[in-house]
Amino acid sequence: MSQYFAGIDLGSTMTKAVIMNQAVLASVIGPTGPEHRKLANRVMEEALTRAKLPFADITYVVATGYGRINVPFADKQITEISCHARGVSYLLPEVKTVIDIGGQDSKGIKLKDGRVVDFVMNDKCAAGTGRFLEVTAEGLGVKLDDMGKLALTAKNAVRISNTCTVFATQEVVSKLAEGMPLPDIIAGLHEAIAARVYSMVGRLKIEKEVALTGGGAKDIGLVKALETKLGYSVLVPPEPLLTGAIGAALLGKDIVKEAEKKGETLPRSERRLTEATFFT
Amino acid sequence: MTEEKKPEEKKKRKTATEAASKIGPMVKATIGGTVQAREEGKPIAYSFICCCYDEIIRAMDIVPVWTENYAGVCGAKRDAQRFLERAEAENFSRSLCTYALCGLGFDAWREELGEMPPEPPWGGQARPDMMLGSGQMLCDPRNKWYQAAQHYMPDIPVYDAGAPWPPYEDDYDYREVQDYYVKYIVEELKGLVQFLEKHTGRKMDWDRLSELVDLADRTWNLIWETYELRRAVPTPMGTGDAMNTMVPMVFMMGTQEAYDFYQELNDELKHKIANKEGVIPDEKYRLIWGGGLPSWFALSDFNYFNSKGAVFPVEVTYRMVEAIYHFDIDLSKITDPLEHIAWRWVKFWTYWYDKAKKRLGSHPDVERLIQYIEDYKIDGIVMHEAFSCRSWHVGLIWQLNLLKKVYKDIPSLILESDIVDISSYNEADTKARIDTFIDTLEAVKSQGR
Amino acid sequence: MPEEAAGKGLAVADRYYQDYGSRARELKRQGKKILGYLCAFVPVEIITAAGFIPFRIKGDVNEPITKADTEMETIVCPLVRSCFDMSLKGSYEFLDGIVIPHACDSICRTYDVWKYSLNLPYSHLINMPHGTGKPSLDFYQALLGTFRTSLSKFAGVEISDRELIQAIKLHNQNRAKVRELYGLRKASPPLISGTEVAKVLIASVSIPVEESIKMLGDVIEEVRQRGGVPARKSARIMVVGAQVDSIAFIKLIEDSGAWVVADDLCPGAREFFSDVTVTADPIEGIAERYLRKVKCGRTYREMEGNYEEYLEDRFGHMSRMIKDFNVDGVVLYIYKYCDPFGFEVPQIKSYIESKGTPVLYLEDEYSMSTIGRLRTRIQAFLELLGSK
């Protein structure tokens, strides 16, 4: 009988869900709002619809991400560090270092034989996360989605000295007023994030191959800035936002396989999907 | 330490005195000299300023690499970030002394490459043969930094010379304990000499040391007398310049070059005073820089003060001398050079204790401020809180509170940033604070206090 | 003696932990004098010998720092700031004086702020040197002599050698009890949780040494008799850091599914694992212990031998503890603005990892609001250990 595994990554900015057996059958990405429980529920239902499966057929559910505690129907909660590692080693087995740049945090993960051996996180300072670009983009009057493209057209990246997001916004706005070209300023912002991230991940002694995941991986300017810092190119999985959810599903699969080998029964969440909808 | 011209940077900062403008090239030559000394195989020691061992290393022709200075240079040239980031990548917290972070980041990088990092400011920080730390009340990085650097240079030996001074206490007078403090310092310096002899293969020339100690004494007196000239109205020199002219005091003490420099400065200031030449023509407010190291990348802030009619005739920072002949003992009677150094050290740090005992509830640090406020006719006090330096930047709030309590209410301003880490500096905010402070000074002045 | 009330052992520790300072308040009402102190480097033997009660000033991770900022800069170690904040807020109004060691910049450079703000009848700074060579030891002995004279003056009577030796023996006894307690953590699963140990030790430094000895003895007996705690934990963790005076962080680790079985902390192994040797001049033995036997980043140990031997001298006790207590992973828990430990992080981490144990380095700001954020990192670390 086919086994299906679900992974839900409830991030601070985006929520992602996947359903897998041998490969990904369905995936859903949506913005995280404040009501995590309802959202997790909704996203799961959407994924089930796309996979054409009832919830009862799901063998095991793993929740990860910032809001993982708020997934009542999950059988286990695992940190996004372990999940990203598992997801990346599945998608890109040659990777030894993972750099994840999310909306409100960033991480570095060191892998050996597909397992986490070391990691670093930044979740207290906006510099080095998507938030930095979000706020500065707004200050400059540029759409966030355009930031990456614009950065690539720069002639001479401007050096931004402030790492505090608020001060940096002031700094770039005044530089724009002074007449410095917009692409140069935006390239400077990307370099600033790349420098912060590089410094953080540097604590792990970076080894190739390096993979970039999270929303940051979809910003071509940031990818290039990081590659410049590293001195070589990085690998980006086809859908960089899903690595956490994929990893979560796969870890669920690992847990089930392990239990079957030992002949153990696994504790499962008592909440079924339908019950979750009664929670506010 | 004037800033070098870089495409996106400001023009060279204007100094009030000729003497101060010579400092940039002097520092550059000194740093270049250390790199050359390395190539020539001369013994080089990482050193901290104000640690009692200036004359000792000079007497043995050991070339000092003043690591704090090098970090300051990187900061002034706005090229410290990459070294700070490297230190962070090594797992050093960004909240640690940014001089140390800059130095450690540089060393880690240099050791990894086997050569200087690319385009190092002014030639770079030369790899040392030994590192001379210090165990004292001044600052923890002085006994942790070089120990941490051994992680990248495990073959380089470290000597920590303890040099404490008696704290200011109510239930005993410092003179009751000064003897065993001096004894300790002398023992530590003896150990330092033995260490240096061992690692250089040279013997200490004690006569030469005595000469250099005497030269340092005379230099102390000369510096004190020179800086006292700044009492004049208008003042001929401000703190902005003093942050340059401190270089011979702390990086060249015990050399004839240092003495000669202050003699020149002395002549220049006398000349300016005779011609009533002030830092600015229309001096409105006289301020004291009451505490804290400056932001090396923002020395131009002093020019901003000047543009508002404010000058700094006096500062506490880097005024690391008193007139020897004002001490309560006759130092000239102490002929053993190590004892002489130790007594001079203890007497310097306890200089204001007696004054504090005479005013109820006062404290030596505050007495020093009061003396300067009176002598230099000061209208307001500015302090700088550098986030990474606990030695000089803790106690500023309390000092201001106490000053106002035991003396008088005087306009004050605390600026916040760092010594080297420019990401902490917000130019617009700093200027706004200065503007507000100037308004306060003006208001107080017009009330005729 | 504090009898009557509920229970002994763990119940007593819990009471003194939750209402920190309650025993000191009681004793004050009975006419005793209480001397507050910061940091494990104050020779409490001398305070006890003088007839005073040594009381460890602690902070509160649940209390946002507010009053302290009017006098003390925010760049000071957050634990020291919190201690000062609690003092200003009246938590330690029963203190007759403070004794501050030259432990680190944050502590010694704020001495004047403490002195002038609290304005207690007695205050003293023990200007402990950083070095450990013979001149430093001699100097430290002289400083302790000055402290002894000063404290005698305040007490109104000379502190005799006999009283000092008596106090030394008591404090040694106390430390031996703690070591005995730690012995119960070696078992698998440990007979007592890290959270319980932390609570007991923190309570112990707020009461007179005789009472601490009794309380510890009761705890040991109680724990031995109750049988094990439920064993559902994954890893055995050792926490290395400066001072941890709250159970919050230890509890966070244990709530995440691990045991905290060992440490290099104050109050903890660092503080209690070495004794004072009773010497003819008791000050000598005291000086020797505090300057040389206690291994802490604030003390600059001179290098003898080569670099590897130097690292062994400074950190060897950690690797021995990892072996003795069967530790799976080390959490290096360091406060922001901490120089003595901050500078050592790369060396400690590399040393422990070279011996084969993974290390998680965490920087924290000593506040419940920041401690919670560490949850994910700790969980990820445990997952990492689990997959080994």
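By written order: A, B and C. Residues from 1 in each chain.
Basically, a contact is a pair of C-beta atoms (placed from the backbone, for glycine too) under 8 Å apart; a residue touches a chain by one contact, two chains touch by 3 or more.
Since this is a predicted model, take the numbers as computed values, not measurements.
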| item | value |
| --- | --- |
| Chain pair whose interface holds the most contacting C-beta pairs | B-C |
| Furthest chain, CA centroid comparison against chain C | A |
| Interchain centroid distance [CA atoms averaged], chain A/chain C, Å | 40 |
| Distance from the mean Cα position of chain C to that of chain B, given in whole angstrom | 35 |
| Distance between the centres, which are taken as Cα means, of chain B and chain A, whole angstrom | 47 |
| Multi-chain contact residues (two or more partners), chain C | none |
| Chain B, residues touching no fewer than two other chains | 90-91 |
| Multi-partner residues of chain A (at least 2 other chains) | none |
| Of chain B, residues touching chain C in the complex | 90-93, 95-97, 100, 133, 135-137, 139-141, 143-145, 147-148, 150-151, 154-155, 157-158, 160, 162, 164, 166-172, 176-177, 180-181, 183-184, 187-188, 191, 361, 363, 365, 385, 387-391, 393-398, 401-402 |
| Parts of chain B lying in touch with chain A, wherever the complex brings them together | 8, 78, 81, 85-86, 88-91, 422-423, 425-426, 428 |
| Interfacial residue positions of chain C with respect to chain B in the complex | 70-73, 75-76, 102, 104-106, 108-113, 116-117, 122-125, 127, 129-131, 133-136, 138-139, 142-143, 146, 149-150, 153-154, 297-298, 300, 302-303, 307, 310, 334, 336-340, 342-347, 349-350, 361, 363 |
| Residues on chain A engaged by chain B in the complex (per definition of touch) | 158-159, 161-164, 167, 170, 174, 195, 198-203 |
| Interface residues, chain C side, partner chain A - complex | 358, 370, 373, 376-377, 379-380, 383-384, 387-388 |
